[in-house]
Each structure stands twice: as structure tokens, then as C-alpha cells.
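Got some structures for you, see below.
Shared between the two complexes below is chain A, which has chain B as its partner in the first and chain C in the second.
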Partner chain A sequence: MVNERLFNLLILAILIGVPAWAYVSDEPFIITLMTRAVVFALAAVGLNIALGLGGLVSLGHAVFFGIGGYAMGILAFHAQTFTPVTEWPFVIEGTKSMPVIWLVAVVMSSLAALVIGMLSLRTAGVYFIMITLAFGQMFFFFTISWSTYGGEDGLSVYVRNGFPGLNTLDPIQYFGICLIILMTALTFNLFLAKSPFGLALNAARQTPQRVETVGLNSTRLKLVAFVISGAITGLAGALFADLNRFVSPTMFSWQLSGEIIIFVIIGGVGRLFGPVVGALVFVALEHLLGGLSDYWHIYLGFLLLGIVLFGKGGLIGMICGREKVDA
Partner chain B sequence: MLEPILRTHGLTKSFGALKATDDVSIDLLPGEIHAVIGPNGAGKSTLIAQICGTIKPSAGRVEFLGKDVTSISARQRSLTGLGRTFQISALAMEDTVLQNTVLGALGATGNPWRFVRPALKHSELRSVAESALERVGLEDVMHTRTDELSHGQRRQLEVAVALTLDPRAFVMDEPMAGLGSEGSIRLTGFLDELRNEAPILLVEHDMDAVFALADRISVLVYGKVIATGSIEEIRKNADVQEAYLGDES
Partner chain C sequence: MTFVLFAEQLLNGLQFGIMLFLMAAGLTLIFGVMGLINLAHGSFYMIGAFAAAAVAGATGSFLLALVAALSAAAAAGALVELLVIRRLYGKDHLDQVLATFALILIFSEGTRWIYGSFPLFLNIPDYLSGPILLPGGIQYPLYRITLIAVGLLVALGLGLMIAKTRIGIQIRAGENDREMIAALGIDISKLYTLIFALGAALAGLAGALVGAIQSVQVGMGEPVLILAFVVIVIGGIGSIKGALIGSILVGLTDTLGGVFLPQLFKLFMEASVATSIGSSLASMAIYFLMGAVLVWRPTGLFGAR
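Showing the complex of A and B:
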């Protein structure tokens, strides 16, 4: 069994080393691929807070990913057409500034998570999965019919949004932005998991009865976790849209919700670097096997089957064993 | 005459035609251990669940510290000082013994909205937790995962978590179950002292412990209390002998 910290450092070395190598040997495509993995990882870090700590199997996290994406799409669309987003009750202009877009993405996806969470957390188990899926479908079909912003065809943004002092069109610089955000989210996740809130949330997943008996509100703990989770996945959505300079209703699709869950399961549910490992493996398979066949998902299926059947705790669980206890 | 800390009035719970508890009126006085005994299926667990608020009674009332708590939730009853231990351990099995106890201490503060400093680094939480563990004798295994504990140690941990809440009354569902004789003797001695801090409503199968500890005993048969009294009174009671102690005497 490999020490988990050591393994995490290895993953971090891959995250930094591969793009560095690609930059030196002038392979921008590899950098873009790594950026895709980092953004997916960020979306899955968000889900891992709800799923790993709170035990909430959300099959609707694409909602937040999509909201983040559309936050970028709509703001940038209005900026490039020089039209205001709205003129009532006061004028809101579009923007091409990443920090503003990120803020809007986080706020909007938190609000959506708050509403969806309040309704969904009245249920548990398979009903929770179904109701989150239902919300995902509602958003999916809403954006398909939302002709102002391209409907089914989605929205293209011609120039990547800007970040003060950086050239975001340079692949390595945009990768750097995404990686720093991912590392920040992971650091936050690390603190959160060990904090009093994390302890209570973790217990609410395992034994809600106990949490209530010590006088804490397990539903409210899970709701807060769901909101934090949605906010992080929403931020990932904004970064994903900027990576592709394109948003479309597929960002809201249930397949995407499923993929975010798959990242977490492949890497290891509740493990800090689980989402990162899962997203890296997914993007690697997509790239390597996608060339062989359009139906490469069948191999992903085999991998997932193997991990669920034989590996408790995903790839990290198989490589590093059970999580070390806190002292 | 002492005012009871905890009192039930005609608690009844029907599941269809079956009455799991039927007009149960018992009370718990300051400083006492009141044992509730009865054969399997007598309704002891249903009674506890109604007292603690996880099952809504079909009829009757629960009074705690002089207030009617029948309509408030289990969580709110805990907050007013009702400490419960479970028959089937409701512990976070993936967490350590210390983490489970710190959870209790955290619940007692009422503020879980702390997101930065590690829970185990909060010295006020940790000291409450550690002293509770010392009192039940689990300080040596505090960094062990709960699913690696013996059954008996889990019962001790249940009691430790209840202690962190500094309750006004304890409701304990078979704390002795699964303890070896040594553990049982140790816990008996501990509960004997604990009654001076807060009275204990004790549901227990271990008759040695009941006879060693109880100030009063209530006997529950088919959901009804057929007798309440001191150990001697219960031993002599003909109904009880027939219904419950029959085989032994």
C-alpha cells in the first residue's frame, strides 16, 4: 500500500509536469487536454463534498455545471453584441472579465443548489437521486427552448474572456488559472473535511439519528454541503465554457451528471484526490480510446465495473488502502 | 415529595390492532435509577422511542423538566437535556472513538458552522470528549475506528457520547447488552455514581445489573405496566412472577 499523501503528491506532479513538458515541446493540444481534466476534476471536487462527505447521490450536478457555463455564455454574449443583459429594474451590462463571471457563476449556482437542495433533501435514497435528475432535465429542456441564447445550438463566444494581467488565450496561462482554482478548492476541501462542520456532516451521512440525538440538524448540515458543492461545480462550469468558448444545453445533460459521478467513483468517493484521479483517467481514456472507436465508453464501463466490484474506495482505495484516521 | 424530572401520561402507540405500548404512565425522580424490564416484544423500545421523540405516540403525553415535550422533535428534546443511548449502536462506524465523542461535544455547543480549524484541534471540544472517554474507560482506544471496537466497547462509547451533552436525564436502552462480566460490573459501578448527576431510565435485560442498581422497577408486559415498585415489591409481586420471572422462581 502506497502512502496516500505520497500518491497525492505524485498526482500533483503529473498535473504540473505534463503541461510543463507539453509547453516545452510545443504541444498545445496536450495542455488543452490537461485543462479539460483539471476543470472536470474541479466539478467532481464539488460533487465529492456532497457525495463523499454528505452521502448525497446527486444525479443533477450538471445543473450547476450548466448554470456556471451559461453565466459565462450569457455575460460574454451580451458583451460581444454590446447589448445589456437586462434594462429593468436597472441596466446590467455583459462582461468579458473572468473574475466577474466566476462570481456570477458561483452565486447563481449556489442559489440554485439552495432551492434544489431544500426540495430534494425532503427525500432520501433513490428518491433523492430521481428528484435531482428531474431538476437536471428541467434545466436541460429549458435551455433547449431558450432561443434568445441559441436554444439547442448553444452560444459561441469568439474571444476567450480576460483575466487582468494575463493572456488567457495562451493555453498554458489558462491552464495555470484552472489549476490554481482546483488547488484552492482542494485546500478548502481538506480543511472542510476535518472541521467541526465536516465531522458533523460525515456523521450525518453515516448515522443521521446520532446527529439528531446530539442536538444537530442533519438536514441543514446536508443542505449547506449541497450549496457549497453546487457552487464549486458551478465555477467549474464557467471555466469549462471558457475553455471551449462555447456553451450548449449538453452542459445540463444527465449524461454529464453521470460522468461527474463516475469521476468521483473511479478515483474514490470521499477521498481528497479521488475526483482528480477520476477526471485524469477519464480524459486519458477519452483521448487514447476515442481515437480507436466512437464507442470507447464501453471500456470505461468495464473499468467502472471492475472498480465497483473489486476495489472498495476507487483507484485511490486500491492503491493506498483505507483512509488514515485523524488523531 | 420530589418533582419528577421525566414523566409519561398514558403513552399509547398502536400499530394497527397491535398496541405496542398501552397507557404507560411512569416517572423518573431526581437521583434515581428507574429500571424498565419486560420480556421481548413487551414494547420497551417503542416506549423509549416515544419518550425521546423518534416515534409519535397515538395517545398520551411526555413531560420533561416540568414541560410538555410531546410535540417537539427528538433533536429539540436532546437540546433540553434528554440524553439517550441506543440499543443498536448509532455511532459513526468509519470515525474514531474520539471523533464520535467530539461530535457529542460539538452538539452540546450547538454550533457546527465552523469550517476551518480541525475539529480535533478545538481544545474545548476535545477536553469534553476526552474526559467523557476517561469516565467510561475508553481513553486507551480513542484513536481506534469505531467499527474495530468490540460490541461492549461500543456500548461504553454510547454512554460516553451521551455524557458529553451533560444531560439532565438519561434514557438508556440496554447499555449492558453484549458486555462481558467484567465490563458489566464496571459499567454497573459507573451508572451507580452517575445517578447523582442525572437520573437514569434504564431499559435492561441483565437482571444482575437491574437488581444491583434500580431504586424502582417497572415491569412492562404486552405494552402495559403491570407493576411498579421497589426491588422487593417486584420480587414478591405475583403477577410479575407469573408473567416474567416465573421460570426463575
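Showing the complex of A and C:
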């Protein structure tokens, strides 16, 4: 069994080393691929807070990913067409500035998570899964019929949005932005798990009755976790949209919700670096198997089935054994 | 708005709801008895439709196609239960979601591998095509009326089976106390396989029947699956009656909302704006219905737990 802390350092080395090598040997495609993995990892870090800490099996996290994406798409669309987003009650202009877009993405996806969380936390277990899935579908169909912003065809943004002092069109610089955000989210996750809130949430997942007995509201704890989770996944959505310079209703699709869960599971639920490992493995499989066969999802299906039926604790669980989350 | 148009839309909604019922009934039975959430139920819908299209293409007989759909879906259901699902009963919902999600990937890509990405077509047989004149001067496609009739017959049959037959007693007993009925000498694992295959067969039947009015393609099952989830959330898990009422509510809301909401907005808005806002809202109507039921009754209209 490998020490988990050591394993996490190795993953960190891959996250920095591979793009650095790609930069030196002039392979921008590899850098873009790594950026994709880092953005997926960020979305999965968000889900891991709800799933790993709170035990909430959300099959609708694509909602927040999509809202983040559309926050970027709508603001940049209005900036590039020089039209205001709204004129009433006050004028809101579009923007091409990443920090502003990120803020809007986080606020909007938190709000959506608050509403969806309040409704779906009235139930638990299998109802919760079905309801989050259904809300995901609701947003999917809404964006398809929302013709102002491209409907089914989605929206293209011609120039990547800007970050003060950086050239975001340079792949390595955009990768740097995404990696720093991922690291910030992971640090936040680490502190959150060890904070009084994180401990209470952990207890609420395991035995809600005990938490209620000591006077804490377990539903409210889970709701807060769900909102934080949605906000982080929303931020990932905005970064993903900027990576592709394109948003479409597929960002809301149930397949994407499933994939975000897969990232967490392949890596290991509740493990700090689980989502990162999962996203890296997924993007690597997508690239390698996708090159071999158009039907690579079939192999992904068998891999996933194997992990669920025979492997406990995802890849980190298999490599590092059953350890307490500690990095 | 004429009466005839309204009646037609009402029947369309009813037909849509009844087909949803065939999906939701299997799902709710499987959840009620085995406590399993099955995302791969949409795959059986797809398998039924493909089997029907393939057999109808080869033999030209619609009845044979339906038999093929039922047996292919039931066989796939039994096989999947024996190989995979059986290992999931004791596990938590997350594992069930993932394993059945993996099954979706395998079934969908496997079907794409065999049949390609282009849709297949399944034709309505001659003796069921064309319109029929209903009382009140309503012209309505005979095939859709047949769908409603078949669906209602299946609902009646299921209800009778669960209320009157020996298998039905075992199913109800399995919902309440699985250790006890195993102790009474009933082979519970055989019963589980049977229920799973029955649910899969119903989904396959729905796929084949709907396949004749829509195109048969990979991925056709999952949107219907998610609607069936909405039905179950509204009706209450484990209740066949809840599934029937929930399906009809969802079918009517979706169909009538799609037709009448844009018209309603036209009363006080510009026509083009009204159409776009109305159709956007209509696409969300059933989810608002679900939200309202959740606020009012978190366990659904007929849910026990």
C-alpha cells in the first residue's frame, strides 16, 4: 500500500510536469487535454463535497456546470455584440473579463443549488437521485427552447475572455489559471473537511439522528454543502466554456452529470485527490481509447462496472488502501 | 380553440401518459420489491424498439415484431439481473446508480456498434393505420387509440395480477418482508429475476409501440426514463396506482402545456415572443408539477414511505 500523501504528491507532479514537458516540446494539444482534465477535476471536486462529505448522490450536477457555462456564454455574447444583457430595471452590460464572469457563474449556480437543494432535500435516498436527475433535464430542455441564446445550436464566443495581466489565448497560461483555481478549491476542500462544519456534515452523513440529538440541523448542513458544491461545479462550467469558447445545452445533459459522478468514483469517493485522479484517468481513456474505437464508451462501461462490483474505494482505495481522508 | 382540437390534444396526452406508465410500472415494481434504482431501464425500451424494427423489417409482421420486442427485452432483463443486478441488492444507491449507468453505456454503444447511428423505422401495420371517427366528430389515428387501449389493458392486467394471483401475493409479500417470504420457502432470487424480466418486458413493449410513431435510435430510452422518474416521484415509489395516475398527469401536463401555454401568452403578448416564452415554459411544466408535489407531499401522491 502506498502512502496516500505520497500518491497525492505524485498526482500533483503529473499535473505540473506533463504540461511543462508539453510546453517545452511544443505540444499545445497535450496542454489543452490537461486543461480539460483540470477543469473536469474542479467540477468533480465540487460534487465530491456533496457526495463524499454529505453523502448526497446528486445526478444533476450538470445543472451547475451548465449554468456556469451559460453565465460565461451570455455575458461574452452581449460583450461581443455590444448589446446590454438587460435594460430594465437597470442596465447590465456584457463583459469579457474572467473574474467578473467567474463571480456571476458562482452566484448563479449557488442560487440554483439553493432552490434545487431545498426541494430535493425534502426527500432522501432514491427520491433524491431521481429529482436531481429530473431538474437536470428541466434545464436541458429549457436551454434547447431558449432561442435568444442559440437554442439547440449553442453559442460561440470568438475570442477567449481576458484575465488582467495574462494572455489567456496562450494554452499554458490558461492552464495555469485553471490549475491555480483547482488547487485553491482543493485547499478549501481540505480546510472544509476539517472545520467544525465539515465534521458535523460528516456526522450527518453517517448518523443523522445523532447530529439532530446534539441540536444541529442535518438538513441545513446538507443544504449548505450542496450550495458550496454547486458553486464550485458552476465555476468549473465557466472555465470549461472558456476552454472551448462554446456553450451548448449538452453542458446540461444527464450524461454529463453521470460523467461527473464517474470522475469521483474512479478516483475514490471522499478522497481529497479522488476527483483529480478520476478526471485524469477519464481524459486519458477518452484520448487513448477514443483514438482506437468510436465506441470507447463500451470499455468505459465495463471498467466502471468492474470498479463498482469488485473494487472498493476507487483507484486511490486500491492503491493506498482504506485510509482515513488525510492529505 | 375548438372542442375537437382540445379533445385531440387530450387524447394525445393520454396516449403519451399511458406509454410512460409502461415504463414507470416496471421501475416502481423493481424499486418496491428489490429496493433497486435501475437507470438501465431505458435500455430495455431501446432494445424492445430495435428488436421490433429488426423483426418487422425481416418478416413484415407487426405482431411478430411485438413478440420479438417483449421476448428480447425480457431476455435482456433476465440476463442482466443474473449477471449484474443480483450483486447490487445489498449495496447502497450510489453503487446501483453507477453500475446501471455503466449498463447504459454498454447497451447504447453496443447497439450503435451493431446498427450504426442512423435511426431505423418501424411502420404502423395497414390494419391499424388511418384515422377513426370517434363520437363527437373527432377524427383520431386508430394506432394511437390502440396504444391507449393496450396500455390500459396492461395496467388492468398488472393490477389483477398483483391483487389476485399467487405471484402477486409473493410480490406484495416481498415488498413488505423479504426474509419472511424466503423463510416460507419461496425462492426469492427466482422471484426477483422474474420481476426484473417482467419490468424489462413492459419497457420493451413501450419501446416497440412508440417506435412505430417515432424513429428507433440509440439513446431513445433515457429521456423517457427520466420522465418515468418524474412520474414515480409524483405518484410515489412502489405504487402501481401512483404510477398510473402520475403518468397520466405528466402526459396531459406536457402535451396540453405545449399546445396551450403559447396560446395563453398570445392573449397579452406579441405572437413571436409569446410562442418562445410559452414553449420554454411548457418544456418545464412537468418539473414545476413535480416541484409542487414535492412541496405538498414529499413521498408522492400514493407513496407509503
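By our rule, the second predicted complex is superposed on the first by the 323 of 327 C-alpha atoms of A that agree within 3 Å, B and C clash if a C-alpha of one lies under 4 Å from a C-alpha of the other, contacts with A are read in each partner's own complex, and residues count from 1 in each chain.
We adopt the following convention: a contact is a pair of C-beta atoms (placed from the backbone, for glycine too) under 8 Å apart; a residue touches a chain by one contact, two chains touch by 3 or more.
The model shown is predicted, which means the values in this text are computed figures rather than measured ones.
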Partner chain(s) touched by A:Q209 [first = chain B, second = chain C, both, neither]: first
First (chain B), second (chain C), both or neither touched by A:L221: first
Partner chain in contact with A:V24 - chain B first, chain C second, else both or neither: neither
Partner chain in contact with A:F302 - chain B first, chain C second, else both or neither: second
Touched partner set for A:M138, first chain B, second chain C, both or neither: second
First (chain B), second (chain C), both or neither touched by A:I261: second
First (chain B), second (chain C), both or neither touched by A:L292: neither
Footprint overlap on chain A, where chain B in one structure and chain C in the other make contact: none
Residues of chain A touching chain B in the complex: 191-192, 194-200, 202-203, 206-207, 209-217, 221, 224, 325-327
Of chain A, residues touching chain C in the complex: 51, 57, 59, 119-120, 122-123, 125-127, 129-131, 133-135, 137-138, 141-142, 144-148, 254, 258, 261-262, 265, 269, 295-298, 300-302, 304-305, 307-309
Chain A partner contacts - residues on chain C that touch it in the complex: 31, 37, 84, 87, 93-95, 97-99, 101-106, 108-110, 112-113, 222-223, 226, 229-230, 232-233, 237, 276, 279-280, 283-284, 287, 290-291, 294-295, 298-299
Chain A partner contacts - residues on chain B that touch it in the complex: 52, 54, 73-75, 78-79, 84, 86, 90-96, 98-100, 102-104, 106-108, 110-120, 122, 125, 143, 145, 161, 164-165
